[in-house]
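First chain A sits with chain B, and in the next complex the same chain sits with chain C.
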Partner chain A sequence: MNTRTDRQIRIGAGIAAALLALGFLLGGILVLLVVSDQAPDVVAPLADPYVRSILGFTLMQAGLSTLLSVVLAIPLALALHRARFAGKRAILRLFLLPQALPVLAGALAVITIWGRNGVVSDGLAAVGLPQLDVYGLTGILVAHVFFNMPLAARLFVAALDRVPAEGWKLAGQLALPPFTVFRTIEWPALRSALPGASALIFMLCVTSFTIVLVLGGGPAATTLEVAVYQALRYDFDPGRAIGLSIIQIVLTALVLVATLILGRDPAGGFGTGGRARRFDARSRVRDVGDGLVVVLGTLFVVSPFAAILVSGLAADLTRLVREATVQEAAITSLLVAAAAASLSLLVSMLVLMAIEALRFGKRPGAARRGTRIGLETATSLVLVVSPVIVGAGWFLALRQVTDVLAAAPYVVVATNAVMAMPFIVRIIGPALSQANAETGKLAEGLGLTGAARFALVDWPAMRRPLALAFAFSLALSFGDLGAIALFGSSDFVTLPYLLLQRMGSYRTADAAGLALILGLVTVALMGLVERGFAGREETGR
Partner chain B sequence: MTRDGSERHPHDSGNIPSDAPAALRLQDVRFAHGGAAFRFDLAVGPGEWLALIGPSGAGKSTLLDLSAGFLAPSAGRILMAGADVTRIAPAERPLSMLFQENNLFPQLDAFRNVALGIAPRLRVSRDERRQIEAALSAVGLEGYARRRPAEMSGGERQRVALARAFLRRRPLILLDEPFAALGPALRRDMLALLAELRKRDDAPAAAIVMVTHHPEDAAPHADRVAYLEAGEIAAIGPASEMLSGEGDHRVSHYLGLRRREA
Partner chain C sequence: MPKLTRSLLRFSASAAVALATVAVIVGGAFAQSGDRPTLTVYTYDSFSAEWGPGPKLKQAFESGCDCTLDFVGLDDGVAILNRLKLEGPSTKADIALGLTSDLIPEAKATSMFMDSEVDVSDLTVPTGFSDAVFVPYDYSYLAFVYDSETVTNPPKSLADLVSGDPNQKIAIEDPRTSTPGLGFLLWMKAVYGDEAAAKWQELQPRILTVTPGWSEAYGLFTKGEVPIVLSYTTSPAYHVIEEGTDRYKAAGFAEGQYLQIEVAGILKETPHAELARKFLTFLVGKEAQSILPTTNWALPVRDDIDLPEAFSDLVSVDEPLLIDPDTVAKNRRAWTDEWLQAVGAR
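Let's look at the complex of A and B:
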């Protein structure tokens, strides 16, 4: 085998893998459109005032969530980046946790803290102020800010880290005052990350399902995603579900296009961050201000975790753990997560290696470039066709040919797998790309192919990010409610699904206990897998 | 004992004036990073031009970063004009440093990049404006005031940085290979410009510590050359002697002037 054949095999395998993912993402809806005689009706639903109000609410909550997340993240990122204290890296790592925390557990925690009987309401009542009502727009906004503000802060810190080291050195040497530093260094860096971060968060909030399902208060606070779910699960109105799905796909596609035009990667921001060394002149006032901002921001991010811990420990955990339903659900969740994460890693790696193989070439033709961009887009398409929409398509399509419940596990695993792909690609891609840029030509020159090339070039580069990617996709699948919400049944129960059931039947203590188990397992999974994979090299840096 | 209250180190055997305190003095300065250990002893006289040569990783840039305050030594003292600056922030140290790249802020034009040297708040008085314009024309960049770094060549950008450094009138200038990316002719021109600027002011000439990978750059301007190896100053002496290949065998070996002895 020569290097040319090797590249062709890689490209072929990658295209096949991407087609598989694409086929699954769009297959449900396409099969449905072909098999059923129902023509997709986008116009009729749009004329419906109910649908229009849902569309309006979807956009409004996403816009407000984005605005709040970004506006709050800016001072936090500035303070975090400027402040010099020992736990800075730990706080930035902590800010990664909301993305790993099962959304359902997070939503429950928001109720515990900000709800009518929550900590904040009690505090307000104590000083004679009215209690908060967390259901509806307020709760959705609080939960979205909890999940996305830390993400925005990380993206901004990463942007500040990209400032060349000389910039901070010059600022130190020239004794630039804070406002000049902001104007000449910080703001240009933030501004470069602002469109991408906003578009990403807007997209996440437009497709947000679990938070709106749990915290949304009836028809007045429902988004397209939840409306699709309700149309299938409660009203069984396939026509409406398809119409709403297509509106949702068009909407998210528009947002994604906007993101791409703004020229930013919609799923970036996984560096550890906070590496830049700064030499600002010290000022006690500013140190105190920075400290205050960091403490408040960290408290806001930590509080839901504390709430899960406290109210979870108050539940009858020993009974819960011994309960057969809980045990079965936990095992099901683990199996689903392991299968989904493995599948997702395999497909993503194949696609990534094909992308690198396509990058190499004496004459980078338009066809190669097109194929490469196609592959890159395929991995991100799940951002447009969200899990609930994918599920809805397959739910309706499979109904025509088989028993939906029998196929449920496969659909859920596959949905979770495609869900994790954009993140895996963002985590592994840069490292693989760098390795190929550094040693690709050498490997080519030495005629390395197949297993030898993989072992010497690709694997060493991917090993560490692979650990993080696997851990992240495990956690993502383990805590996901979007895919299981439609396909869950008494025969197929995962932990998040069980948690939703207990919440629905007002078994609050059970729900709190399950949320704690869910959160603990997720965090443990991430820690364990990341450590196991990363191995001894961890100590090196 | 000298006037700055320190003992002379045996390495200080150059032609530096001994009556004024050194512009830069490193006393047994130690620093460790990622398994590499550095230990520096050095005195640079007022107005002296010192070139640092040596293989990659020998510690040339580390020496400059320690002097500028961008790295903190684990032990030892750093003195400038007799004052201990070891614990002092970069902003308080009487020096200007030029980097290999990114000496300018990309979204500020040449004028404002130079202005930062004397007006950190970017509020420029009429007198300061004149000074900035004079500095720009001194480096041959009249009419470039409104240009942004992206609209200038690499050499022009470094000229702007030079203009700012001289406008600040610090008694010590550290050069971390700012001309390394330029071609040989341009590099020669820039060094000549630097030498000329240094003499132009009525004030005493600034001392220069220059890292270079091109020993031939050092020859026409440097008073002394220091050769660094494995985190230490292995040899230091008058430029002509150091670069001739007659001195320390490690230096001549590095310069490729003598074969390794068996």
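Let's look at the complex of A and C:
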């Protein structure tokens, strides 16, 4: 085998993998459009005032969530970047946790802390202020800020890290006052990351499902994503489900286009920072201010974890763990997560290797560039076609040929797999790309192909990020509710689904216990997988 | 390169294990268990719950049938119909239990049900309800139940409720999933007709939350999150008998209470039609009918059942309200949309 054949195999396999993912994402809806005798009704739902109010609410809550997350993240990122203390890296790592925490457990924690009987309400009541009403817009915003503010802060810290060291040195030598540093160095850096970060968070909030389902509190606070689910599970109105899905796809596609125009990489920024050194003149006032901001920000991020721990430990954990339903649900969740993460990793790796293979060879023609962009887009498309919509499409399509609930495990695994792809690609992609930039030419020159090339070039570069990617996708699938919400039944129960059921019947103690179990297993899974795969020689990044 | 080989091996081994185990669960889902026939009954979750009638009925019925009775608890009554529509003829359910008379035409339109052939001649149901397909097993009147310790001036009519203090919150159920929710929608329609949408808008600020089922709403009420909840005239009997308190009371409304007749039907595709018929006959028999009032907290469809003392203190209903089921079937979608618009507006 020569390098050319090797390249062609890699590109072919990558395209096949991308098509597979694409086919799965759009297949359900497409099959449905072809099979069903009537055209999908997009106009009728849009004329419906209720649908219009859902659309309005979707945009409003996403806009406000984004604004709050970004505005709060800026001072936090500035303080974190400026402050010099030992636990900085730990805090930045901690800010990664909300993304791995199962959304349902997070939503529950938000109720515990911010709910009518929660800590914050008690505090407000103590000083004579009205209690917070967590069901509705308030709860949705608090939860979205909890999940997205740390993400924004990390993206901003990464942007500040990208400022060349000379900038900070010069600022130190010239003893620039803080505001001048902000205006000349920090703000331009933040501004470069602002559009990308805002667009990413807006996108995540537009398609938010679990938080809105749990904290929405009825028809007054519903998003399109939840409306699609309700159209199927509440009304069984396939026409409306498809119409709403198409409206949502158009909306998210518009946002994604805006993201691509505004910012470079919508899901980047997985660095844990801590590279640049700063030389600002020390000031007691500012140190205290920074410390305060960091402490408050960290408290806000840590408090839900503490709430899960405290209220979870108050539950009858030993009984829960011994309950057969809980054990079965945990095992099902583990299996689904393992299968989804493996599948996702395999498909993403094939696509990534094809993307790299497209670098080499003759001249970089337009067709090649097109293929590359196509491959890259395919892995991110799940941001546009959200899990509930993928699920809804397949649900309705499969219903015509088979017993939907029997096919449920396959659809849930596949949906979770495509959901994890954007993350995997963004974690492994840069490392693989760097390895190929460094050693790719040499490999080409030596005529390395097939397994040898994989073993010598790709694998060593991918192994560590692979561990993180696998851990992330495991956590993501383990805690997912979007796909299972549609397909769950008494025969197919995952831990998040069971948690939702227990919450539904207001068995709050059980729900808190399950949330703790869910959180602990997620953290254990991530730790174990990262350790197991990453090897011993390197630690920390 | 032993290290590489090892990690490659480790990786492929874990992937293989994962895939194999998924194959096992998926395979397991298809496997059937046991030799005795299993009768699967779709119902709402407060019926199948450990404190509901489910476990007692299961015990009583299984002792004489050499079969397994399996209750599957769904969100609420309307969710049962949604679930059946969604699963289509491949459903595992043999019996659907917990629809209301309002939903009968819609349920029949799925052509998934068969004639029950159960003798219902000795049953007594208000309005003289009777149907070839669906067997009535209990009935109750919708009512707003309030906590007399926090609500000193309870609403005496629907008009009172609608125009009441918006700071005194109520919890209601979603008519798209729940039978009391649907019943309240029809109640408003029966009383206000074309003005219902405007009245919903007036009521909207009082609604703390709309829950998918009765259990959730009633849970919020008993936990003290909300002082008034949409439930049944029979609910106070539960608190008197089980908790020995008369703190929770039902509000009788001047316009009348909406009647909810709960029914059960047999699915056409069931392989156990005979057993299903036997269960429905058992359900309207004296033994089951004596279990239902103090577990499902509804009134029996037989007049030879001795009811506990607490039932004689319930709000008496002179004028049951009921909208003709065919009218409901024709308008349910439009009325639900009207409700969504009124309640969803901000």
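Throughout what follows, the second predicted complex is superposed on the first by the 537 of 541 C-alpha atoms of A that agree within 3 Å, B and C clash if a C-alpha of one lies under 4 Å from a C-alpha of the other, contacts with A are read in each partner's own complex, and residues count from 1 in each chain.
Keep in mind that, in the parts below, a residue touches a chain if its C-beta (ideal position, glycine included) is under 8 Å from a C-beta of that chain, and two chains touch if they have at least 3 such contacts.
Just so you know, these numbers come straight off a predicted model, no measurement behind them.
After superposition onto chain A, the partners chain B and chain C occupy separate space and fit alongside each other.
Of the two partner chains, neither chain B nor chain C is touched by A:Gln434.
Once the two complexes are laid on top of each other via chain A, the angle at chain A between chain B and chain C, using C-alpha centres, comes to 160°, given in steps of 10. In the superposition on chain A, A:Gln8 makes contact with neither chain B nor chain C. Shared-chain residue A:Gln327: touches no atom of chain B or chain C. Contacts of A:Arg277 after superposition: chain B is touched, whereas chain C is not reached.
Note on chain A: of its two partners chain C and chain B, the one contacting more of its residues is C. Of the two partner chains placed around the shared chain by superposition, chain C is the only one that A:Asp403 touches, whereas chain B remains out of contact. Once chain A of one complex is fitted onto chain A of the other, the partner contacts of A:Ala220 are limited to chain C, with no touch recorded for chain B.
Between chain B and chain C, the smallest C-alpha to C-alpha distance in the superposed model amounts to 25 Å. Across the complex, chain A meets chain B through its residues 164-167, 169-170, 172-177, 179-180, 183-185, 188, 277, 279, 281-282. Across the complex, chain A is touched by residues 1, 3-4, 7-8, 10-11, 14-15, 17-19, 21-22, 25-26, 29-30, 45, 49, 72, 75, 79, 82, 85-88, 90, 174, 176-177, 204, 207-213, 215-216, 219-220, 223, 225, 336-337, 339-341, 343-346 of chain C.
The residues of chain A lying in touch with chain C in their complex are 48-50, 53-54, 57, 116-117, 135, 217-220, 222, 230, 232-236, 332, 335-336, 338-339, 341-342, 345-346, 399, 402-406, 409-410, 413, 455, 459-460, 463, 466, 490-492, 504-506, 532-533, 535. Chain contact summary for the complex, chain B toward chain A: residues 68-70, 89-93, 95-97, 99, 101-103, 105-108, 116-117, 120-122.
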